[in-house]
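Note that the chains are named A, B, C, D and E in the order they appear, and that numbering of residues resets to 1 at the start of each chain.
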Amino acid sequence: MTGFMTSTRNQAEAMPATDRAPTSTTFSRALGIAALVGIGWLIVFGLFLSPNDRVQKTGVRILYIHVPSAWLAYLAFGVTGLSSLAYLWKRTRSLTWDRIAGASAEVGVLFMGITLVSGSLWGRISWGTYWTWDARLTTTAFLFVTYIGYLAVRGLGGTHQQRAKRSAVLAILAVVEVPLVHFSVTWWRPLHQNETVENGKLSGLMLFTLFVGLIAFTLLYVWLVLHRQRVLTLLDQVDDRGLDVAIAERRNEAVTS
Amino acid sequence: MEPVPQPVVELVVELVDVVAVLGSFPALAGASLTVNRGEIVLLRGPNGAGKTSLLRLCAGLLPVERGTATVLGCDLVADRTSVRNRVGLLGHSNGLYADLTVTDNVRFWGATVGASAKEIDASLQRMGLASRLADVQVAKLSAGQRRRTALACLVARRAELWLLDEPHAGLDAAGRDDLDVTLRAAAAAGATVIVASHELERAGALATRVVEVVGGQVRQVAE
Amino acid sequence: MEPVPQPVVELVVELVDVVAVLGSFPALAGASLTVNRGEIVLLRGPNGAGKTSLLRLCAGLLPVERGTATVLGCDLVADRTSVRNRVGLLGHSNGLYADLTVTDNVRFWGATVGASAKEIDASLQRMGLASRLADVQVAKLSAGQRRRTALACLVARRAELWLLDEPHAGLDAAGRDDLDVTLRAAAAAGATVIVASHELERAGALATRVVEVVGGQVRQVAE
Amino acid sequence: MNMWRIARLVAAKDLRVEWRSRVVTNQVLPFAALVMVMFAFALDNDQVLTRVAPGLVWLATMFSLLVIVQRAFAVETADGAMDALQVAGVRPGGIFLGKALALAAQLAVLELVLLAAAVVLYKTEIVAGGIVLLVTTYLAATIGLAFVGTLYGGLAAGAKGRETLLPLLMLPVVAPVLIGATRATEAALGTENATPSDGWPWIGLLALFAVVFGVGGTLAFGSLIDE
Amino acid sequence: MNMWRIARLVAAKDLRVEWRSRVVTNQVLPFAALVMVMFAFALDNDQVLTRVAPGLVWLATMFSLLVIVQRAFAVETADGAMDALQVAGVRPGGIFLGKALALAAQLAVLELVLLAAAVVLYKTEIVAGGIVLLVTTYLAATIGLAFVGTLYGGLAAGAKGRETLLPLLMLPVVAPVLIGATRATEAALGTENATPSDGWPWIGLLALFAVVFGVGGTLAFGSLIDE
C-alpha cells in the first residue's frame, strides 16, 4: 500500500524547490475517473431504476447515499486506526502512515457529515423531524465530534513526530467508538432502522443499488485519501523547507551580534 | 534501593550540528558541543541565544530535529527517554508543588531515585533548609527560598549529569556559596555539570570551561 | 493626556517601625527607611529577609500592620491606593500577558498612564526590543526576553518611584547595561529608584546608597 | 485617569487576548454545544426535552460562563498581571467594568450559539410574539451574568485552588438569574402555553440583579482583589 | 525503578497535595452538590426529576470530573513540575497509573456524595435487590472515568488554553460511560420499572472502556504529555 502512496514523496524529494509537485499519477487519474463513473452509475440506479419503498415512498432513495457514506466513514476511521498502529509499531514507523491516518480521518469526518445531513433530511421526511434523541443518531454525533477533536489535536503543533505519536494514540482509542455506533441500534431502544441490510430486508434491486453506491463511494474515498495524503506530504515538505530558511536567518544572529 | 551502576562514559555530552525547533523557530541551528565527565561547563550568551533549549535538549525534553546527539551514551535521536533518569535539570521555573512543604517536595523527588531519608536530610542541609523552613509550604516561601528548595530536590536526585539554568539567580550570598560548593563536590565525585548563566564573574569562577551560545550555535571561548 | 503635575516632595519614602504580615508571618518586623528624591537605593540581604515585602509595601500592595509609612506624600496607613498610579513595580514575576505580543503589552501598560505612541517606541528601544521581537507573542520569548519586556512596560509607565525586585536576573550583558543606563537616566530626571538585588557588585555599582534588610528590619550599611 | 477610559482599555485588552489566542472561539463554543447534546442524551425523551429546553439552555450558559470567567482571570493571574494592574493605579472599578464588558461580549455570542443549538436539537420554536421579550431577557441576563462572573472571578483569582473555588462561589448566586431567565424564556417561547405577559415580571428580577451587582462590583471590586 | 512503585509514589503525592490544600474536599464536593440543586431548579418537576435522576447524577459526576482533572494537572503545570517529572525519568506509565489512582479515589468520594444528594433531592429510592449492580456500576464507571480523565488531562496539560481544550476532548469520549452508567443505575434503582437484569450488559460496556483506556493510557501516556 505504502508503495504507491509514497510515490509523490519520492518524486517531490527528487525535484528542486522551485517547480510544483503534481499530486496526481496515472493511477490516481484512472481512479478518479472510475469514481466519477461510479457516481453516475449510482445516480442512474438510485434516482431512476430502483423502485419506491412501500412505507418510505421515494424518500428511500436517500438510503443510497446515507448508508454508504456511513459505512465509508467507518472504513475511514478504521484505516486511520490501522495506519496509526502501523506508525506506532517500530518496524513499520514512517510519517507516511501518519499522513494516511490524517487524510483518512479528514475524509471520514466528511462522510460522517454526509451521513448526518442526509440522515436528518431523511428524518424530516419519514419521522417528521430533523433530529431526535435516538441512540444511533447521538452516538453518530459523538463519533463525529470525537474525530473533530482528533483533527484538532493534530493541529496542536510540535514536530511532525510529536504530532504523529500524539494523534496515533488518539486514533486508536477513538476507533473503539465505531462498534458503539454500529451496535447502538441493538443495544438501546431504537427509533432508527436496525440491521436492515444484514437481515436482507431490502428488495433485490434496492440492495443492488445500495452496493453500487457502496462501490462508488469506496472509489471516491480511495481517491480522496490518496490525494489528501499527498498534499499533506507536500505541506510537511514546505515546513521543512521553511525550516531551512529559518535556520539560515538564525545563524545570521551569530554574525550580526 | 541503590541506583543501577552505569557504564563509565568519558564523553558525557556529544552534540553534532544539532537543530531543534520550538514551534517553527530553530532555537538550536547547528549546535555542536562535547563535554567530558567531571567538567563544569558554563554556557554564556545573549538572551534568546538558545541556552535553555540546549539544556532541555540534553535532558531529553526537546526532540532533535537534525544532527546527532549522544548524552551519557544514549542516542537522543533514537530514544529521548532512557537518558532522563540519569540527568537532573533545574530550569528557569522550579518545578515544585506549592501546596507541599519543602521536605515533602525534596522527599518526593528523592524518592524517584529511591533516595534514603538520610540522603534527603543531607540534601536539605546542603542548601541550608534544615531550619524552620523544612516544614513550611512552598507557597509561603520567598523567591530565593524556593530556588534553594528546587536545588535541594536536584541534589537529592544524585544525577550523573547536572543541567542548571541560571542557578545563582535569586540566591543570597550564602546560598551562592552553598551552590558552588555543592556543584564542585558533585563534579569531584564524577558527575558532570553544565550551567547556563549571565553572572559571568560568579559562574566563570566556578566553571572549568566556558563556551558561548549565539544564534543557536555554540562557540568555544579562548581562555 | 499629560499626568497631573505632582507636588515636589523631597522625602519620597519614609517608613517608621513598619510591621507587615504575610498570612500570619511578620515579613516586616519594625522596618524603618527614608529615601530622598533622586536616590538609587540598593536593598541587599539574605533570602527571606523581607526585601520583596518592603517593595510591595511601598507600592501599596501590602497593608501596614503597625508603624507609619509615607510614600510620595501619601500616608499608606490611611490609604494605600492613591500612591499606586505614581509608582512602578517590577516584581519577581513579570506581570505580562503571554498571549499578547511584546508591543501589545508595552502599549497596554503605557496606556494606563496615557503614554503616546512615541513614548511606547522609546520604551521598546530602551530595552532593545525594537527588533523582530516587537511582534512576537510573549509566550514565545525566552526568559530574558520576557524580563526585558517587563522592564519596557515599566519604563512606559513613567513612574515617580521605581521599585525593582532583582531586575538584573536573567538579563544578558547588553540588557544589564541598558537597564543601568535607564535607571540612572530616570534618577537624573528626578525619579527615585529602589532596587532589591543579590548581585552586589553589579547593583552596588549602580546604587547611590546601600541598605541591608535582615529579619524584616532595615540596617544602614557604612560605606 | 477616569474610570471609563480604563474600562475601555481593559475590555479592549481582553478582547485582543481572545483574538490572539482564539480560546473561547475554538474551545468554549464547541464545549457549550456538547453540553447541550449531553443534556439531551441524559434525558433522551422528546416531550420532556422540549418542556425543559429553556432551562437547559440557561444551564449550559451557566457552565460555559464558569469556563469563560476562569479563562478571563487565568489570563490575569498567570504571571502576576493582577498585581501589576493594581499598582498601575488602574482604578478597580475600571478593571471591573472593563472585564465585565469583554465578558458580556463573549457571553452574548455564546448564547446565540446555544439558542441556535436548542432550536435544532430540542425543536424549540421561536414565536414572533415573544421576540421582544426574548431579546430583553437575553440582554438583562447577559449583563447580570457578566457582572456576577467578573465579581466572583476576581474574588476567586486571589484565592488558592482558584479553578475550583470559582464554581462554588458563583453557582448559588447565579441561581436566581437561572430561574428568572428560564421562566422569562419559557414565556417568550410559549412553553407549556405560557404567554409573554407572564415573562415581564421576571425581567424585573433580572434587571434588579444586573443593577445590584453592577453597582456593587464597581464599588467593591477593589477591596475584593486586594489580596 | 518499576512502574508500580512510581504509580504509588505519584498517587501518594497527589493525595498529599489534596490533604494539604483540601481543594477537592472544600470546593469540588460543594460544587457537585450545587450542580444537583441547580438541575432540580432547572427542571423543577417531581415526576420528571425521579425519572431522570440517574442521568442527572452522572451528568453532575461528569462536570465535577472535569473540575477535578483540571485541578490535578494544574498542580503539575503551575511551576513546570510536569517537565521535572519527565526528566526525573519517572515512567510515563507510572505517572498515568498514579494520577488515575488518586483521581479514582477522589471521584469515588464525590460519587457517594452525589448519590446521597440524589436520594435527598430527587427522592431516589435504593432498592436492596439492586445494591450489587449499583456498586459494580460505580466501580467500573469510576475506574473508567479516572483513566479517561487522566489521559485527556495529560494531553491537554501541554496545550495552550488548556482549561478549555480539556472539556472538548473529554466529553464525547466520556459520553458512552455516561450512557452506560445511567442505564445500569436506572436498572439498579428500578427506574421506570427496569430490573437489575437489564443492567448487567451495561457493566460490560463500562468494563470495556476502563480496560481500553487503562491499557492505552499506560502504554501511550508518554507520547501524549511529551509537549
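We take it that a contact is a pair of C-beta atoms (placed from the backbone, for glycine too) under 8 Å apart; a residue touches a chain by one contact, two chains touch by 3 or more.
Values in this document were obtained by computation on a predicted structure and should not be read as measured data.
Asker: Count how many hops through touching chains it takes, at the least, to reach chain C starting from chain B.
Answerer: Each step joins two touching chains, and the minimum needed here is 1.
Asker: Which chain maximises the distance between its CA centroid and that of chain E?
Answerer: C
Asker: When the C-alpha atoms of chain C and chain D are each averaged to a single point, how far apart are the two points in Å?
Answerer: About 37 Å separates the centre of chain C from that of chain D.
Asker: Determine the centre-to-centre distance between chain A and chain C, using the mean Cα coordinates as centres, and give it in whole Å.
Answerer: So the centre of chain A lies 58 Å away from the centre of chain C.
Asker: Among the residues of chain D, which ones contact at least 2 other chains?
Answerer: Those would be 21, 26, 30, 34, 37, 41, 43, 45, 160.
Asker: So which stretches of chain C touch two or more other chains?
Answerer: 99, in rising order.
Asker: Where in chain A do residues touch two or more of the other chains?
Answerer: Residue numbers touching two or more other chains: 138, 142, 145, 152, 162.
Asker: For the complex, give me every residue of chain E touching chain A.
Answerer: So the residues of chain E touching chain A come out as 151, 155, 158-159, 165, 168-169, 171-173, 175-176, 201, 208-209, 212-213, 216, 220, 223-224, 226-227.
Asker: Where on chain A does chain B make contact in their complex?
Answerer: Listed in rising order, the residues are 157, 159, 161-162, 239, 242-243, 246-247, 250-255, 257.
Asker: Please output the residues of chain E touching chain D within their complex, sorted ascending.
Answerer: Listed in rising order, the residues of chain E that touch chain D are 21, 23-24, 27-28, 30-31, 34-35, 37-39, 41-43, 48, 51-52, 55-56, 58-59, 62-63, 67, 70-71, 74, 160-161, 163-165, 167-168, 171-172, 175, 178-179, 182.
Asker: Per the contact definition, I'd like the list of chain C residues that touch chain D in the complex.
Answerer: Chain C reaches chain D through residues 1, 56, 59-61, 80-81, 84-89, 91, 93-101, 104, 108-109, 111-114, 137, 153, 157.
Asker: For chain D, which residues count as touching chain C in their complex?
Answerer: Touch residues, chain D against chain C: 1, 6, 9, 13, 16-17, 20-21, 75, 78-81, 83-90, 222, 226-227.
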